[in-house]
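In the two assemblies presented below, chain A is common to both, partnered first by chain B and then by chain C.
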Partner chain A sequence: MHLFMILFPIMLTLIFSLVTIPLLVWMERRVAALIQNRLGPNRCNIKGMRLGGIIQPIADMMKLIFKEEFYPAHIKQKFYYILAPGIVFGAAFLSFIVVPYADDITLDGFTYHIQALPIELGILWFVAIASLGVYGIIIAGWSSHNKYSILGALRASSQVISYEIAMGLAIVSFLITYDSISLNTMVQAQGELLFGFIPAWGIIMQPLAGLIFIVTAFAETNRAPFDAPEGESEIVAAYHTEYSAMKFALFFMGEYIAMSASSAIIVTLLFGGYQIPFLNTQVMHQHINLVLIALLILVPLLSMGFIRWMQKNNSCDLSHRRETKYATILITVFVICFESFLFYLLSSGLSYEQSSVGIMILQILSFAFKVMLMNFVFVWVRWTFPRFRYDQIQHLGWKILIPLALLNIFFTAIFVILAGV
Partner chain B sequence: MFEAIAFYLFSFLTIVMFWITVTTKHSLYALTALAAGMIFISAFFFILGADFMGVVQIIVYSGAVMALYAFGMMFFDTTRELKEKPTKTRLVPILGALAALLVVLMVIAPVVGENITAHYPIDVAIGNSQAIGMVLFTKYLVPFELAAVMLLVAMIGGIVLAGKMMDEDYSSLSEEQIDEKEGAVS
Partner chain C sequence: MEHIPVDHPYFGVFLLFVITFGAFYMTTVAARWASHKLAAKTSEKIKLSVYECGPEITKQPSRISTQFYLFALLFLLFDVEVVFMFPWAIDFKLLGWFGFVEMLTFILLLTVGFLYAWKKGALEWHSIK
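== the complex of A and B ==
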């Protein structure tokens, strides 16, 4: 049990960063299709099971794994050429591990942090490691030895210097607001209520710093509108022009992990982390039976809505109808099992430790939901906004975001001193 | 046990990285090894329990080496072999003597420093970053502020020295205007 509770957050990190990649690829392509008024990938299937196109990323993955590893002959620094995708992937992955997935939990007298790396300097760790990811891009661009790649690498380095200061300054005002540097303490502070009815989330306490942080987090992930280093319409594919097969796939996956990690940090700082609005850990402990009853009502309602939506939209021919039938049976069986389990819990009553485990699961689910929502925003922005020119990025970073962030720190500090908080 | 393994591993890695930085002829190798060495140094801070210093080491030096990378990419053609012509051969013995002195000092240090106690011992109740903040903003406030002013002066000096055409913004000009200006210069 002791070992499991220590390994559990590391397992969660693996799930949140690696298992979500196919989901994110699927979401990106389907949302892009939705925005461009077309269908997107929905034909790939295993024995007629399409799952709305989730099978497609699996096929893509198989293609990338079995492709030939091609090394261009003009590349002399092979070691750096191969190292670069690893740096991008590893840095994105490491920046994820400080995120708290649920409140601290006490079992058998031990307090466990649901955080893979429970250091108090969570946010600084994120800033430090996420900035290392750019090294991968720069080394890739430089060791590829062509002009497009070097231009991409130069753009990446100029972009990093222009947004990172604004990001640091935005974080400083959050540190002043929460009076702490540890991510878990910040999330616990966001579980409180402002004036008794508004959740004290970061976006409400610090709207301007929140906006700056979101913008710079978008720049950190090298995604549109800040994908000048890649710029496929201007400089081919820049830093990954010379890469193929799994080496390209590592860049590709690194981008999605970085996106997920940025979403996780944005959610943690701005949108209450794992907190369910109006229900922080203590409140849930007090009213655990009410929470169970709410679940008892909500889960069947949501599943019924989903089944009806599926039956309406996924029944155009025989194979679709068969898929819908199987999915309906599966969901119904799951809901019945879940309901009987809840009834059993309600009738037998929960001990304190059992209810803490239940609350932990609810908080992890709430966190996953928020992260997926934020990922959706990332995708939405990518397919809506055009790319910034690289001098516009520098203009935005140096002349707009940094002065705004400084002003924000100034006013926050004055407010904190005057209010004597 | 693990601490010792980590210490020897990272000291070996750091020394190898800086050795590569000094000896290689290739700017990509040199810069990457420099960045890696800077990051491996932060491991010592983590081993010593100074998490804050470790993270700040990564943040500050990764940004600094990033700027070096930008210049390296602009100035060097990495496909060509570089031929070095060292002119200041007198520097080598001086640096060698200094290094030897440093080694002697490092060996003596444990003997001299046996009875040294920390002025500000680590307070377990408050965290690492709070402890640094308290020392920086009480005892070392004046040096801290002076360093900040010095950095500001250096920054302004750099801008004044480098930015001779700061009032002209090429990105807001049209193509024809840029061509005119370029023609006037050349």
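== the complex of A and C ==
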């Protein structure tokens, strides 16, 4: 049990970073299709099971693994050429580690942090490790011996360091507000209520710093509208022009993990992390039976809505009939099992430890939901806004975001002194 | 099993680092072996050449626009400022007005430098004509 509770947050980190990659690729392509009014990937299937196209990214992954692995003849520094995607992937992966997935939990007298790296430094670790990724990009561009690559690498590094200042300044405002650097303390502070009815989320306490943080997070991950480093129409694929097969896949995976990690940090700082609005850990402990009854009502309603929606969408195509039938049966069986389990819990009553495990699961689900929603915003922005020109990116970073962030710190400091001391 | 320090806070970092290294190893050695055995191979000279005809292979420290160096220098300056502000921000409620005035002086001094760089045109992107 002890070992499991220590390995549990590490497993969660793996799930949130690695397992979500195919899901994110799928989401990116389906949302792009939705925005551009087309269908998106829906042909790949295993015996007629399409799962809405989610088989496609898995097929893509298989393709990338079985591609021929070769090195272009003009690459001289093979060591750096191979090392670069590893750095990008590793930096994105390790930056995920400080995010708290649920509140601290006490079992058998031990207090466990649901955080793979339970240290006080929190946000500093994220800033430090996430910006290490730029080394991978520079090395990739430098060792590729290609003009596109070196241009892309320079643009990426220049853009990332420009936005890092604004990001650091935005974080300083959050530190003043929360009076702590530990992410878990920040999330616990966001569980309180402001004026008794608004959740005290970071975006409400610090709207301007929140906006600056979101913009800089977009720029740090090199995603649209800040994707000048890999603007396809200008410099092909920039720093990964000369890469193929799994080496390319590592860059690709690194990009999606970085996006997921940015979403996780944005959610943790701005949108209450794992907190369910109006229900922080203490409130849930007091009203655990009400929470169970709410689940008892909500889960069947949501599943019924989902089944209706699926049947309506699949009714036009006869080839979907078998899949629809199986999915309906599966969901119904799951809901019945879940309901009977809830009834059992309600009738037998919950001990303190059982209810804290239940609350932990609810908080992890809430966190996962928020992260997926934020990932959706990333994809939405990518397919909505055109790419900035390079000098416009630098203009926004240096001349708008940095002065705004400094002013925000100034006013926050004055407000905190006048209100608090 | 007793020798593994699972209680250490950095144990997770170690484990994830091992996984990262595993993924890295997979892509370099194992994937190379697998594709050597499984993938179709064609030996064309053109496949191993640089992407797209036209661009020549660059010598590595080829000419880089000085603008990038300027941004790097400014970044160093301002990142040090941000690093100074982190401990200040955490202890801000303790320091009160004293800390506020001290930091304001520091930032004002830096802002003068920032405005100088701005007015000098260091933040503009000069197009080469």
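The working rule: the second predicted complex is superposed on the first by the 418 of 421 C-alpha atoms of A that agree within 3 Å, B and C clash if a C-alpha of one lies under 4 Å from a C-alpha of the other, contacts with A are read in each partner's own complex, and residues count from 1 in each chain.
Here is the rule we use: a residue touches a chain if its C-beta (ideal position, glycine included) is under 8 Å from a C-beta of that chain, and two chains touch if they have at least 3 such contacts.
Treat the numbers as computed from the prediction; the structure is a model and nothing was measured.
*Asks:* Tell me which partner A:Ile119 touches in the superposition: chain B (first), chain C (second), both or neither.
*Replies:* both
*Asks:* Using the touch criterion from the header, give the chain among chain B and chain C with more contacted residues in chain A.
*Replies:* For chain A, the partner with the higher number of touched residues is C.
*Asks:* Looking at A:Trp398 after the superposition, I want to know if it touches chain B, chain C, both of them or none. Which is it: first, second, both, neither?
*Replies:* second
*Asks:* Contact-wise, after the overlay, does A:Ile138 reach chain B, chain C, both or neither (first, second, both, neither)?
*Replies:* Only chain B is touched by A:Ile138; chain C is not.
*Asks:* So, A:Thr13: does it touch chain B (first), chain C (second), both, or neither?
*Replies:* Second partner only, chain C.
*Asks:* Answer with first, second, both or neither: which of chain B and chain C does A:Ile181 touch in the superposed model?
*Replies:* both
*Asks:* Between chain B (first) and chain C (second), which does A:Ile409 come into contact with in this model arrangement: first, second, both, or neither?
*Replies:* second
*Asks:* Name the contact category of A:Glu164: first (chain B only), second (chain C only), both, or neither.
*Replies:* In the superposition, A:Glu164 contacts both chain B and chain C.
*Asks:* Regarding the shared-chain residue A:Tyr80, is it in contact with chain B (first), chain C (second), both, or neither?
*Replies:* first
*Asks:* Does the superposition put A:Ile58 against chain B (first), chain C (second), both, or neither?
*Replies:* In the superposed model, A:Ile58 contacts neither chain B nor chain C.
*Asks:* Could you list which residues of chain A make contact with chain B in one structure and with chain C in the other?
*Replies:* Touching chain B in the first complex and chain C in the second, residues 74, 119, 124, 142-143, 145, 150, 154, 157-158, 161, 164, 168, 181, 391, 395 of chain A appear in both lists.
*Asks:* Considering only the defined contacts, which chain C positions touch chain A in the complex?
*Replies:* Its residues touching chain A are 6-7, 9-13, 15-17, 19-21, 23-24, 26-28, 31-32, 34-36, 38-41, 45, 47-52, 55-58, 60, 62, 64-65, 68, 71-72, 74-75, 78-79, 81-83, 85-86, 89-90, 92-93, 96-97, 100, 103-104, 107, 111, 114, 118, 123-125.
*Asks:* Contact residues on chain A for chain C in the complex?
*Replies:* Listed in rising order, the residues of chain A that touch chain C are 3, 6-7, 9-10, 13-14, 65-74, 82, 85-86, 89-90, 93-94, 97, 116-119, 124, 142-143, 145-148, 150, 154, 157-158, 161-162, 164-165, 168-169, 171-173, 175-176, 179-181, 236, 241-242, 245-247, 249-250, 390-391, 394-395, 398-399, 402, 406, 409-410, 413-414, 416-417, 420-421.
*Asks:* Which bits of chain B are touching chain A when the two form their complex?
*Replies:* My answer: residues 26, 28-29, 32, 35, 39, 51-52, 55-56, 58-59, 62-63, 66-67, 69-70, 72-74, 78-79, 127-129, 171.
*Asks:* Spell out the part of chain A that touches chain B in their complex, as residue ranges.
*Replies:* Residues 74, 76-77, 80, 119-121, 124-125, 127-129, 131-132, 134-135, 138-139, 141-143, 145, 150, 153-154, 157-158, 160-161, 164, 168, 181-182, 389, 391-392, 395 of chain A touch chain B in their complex.
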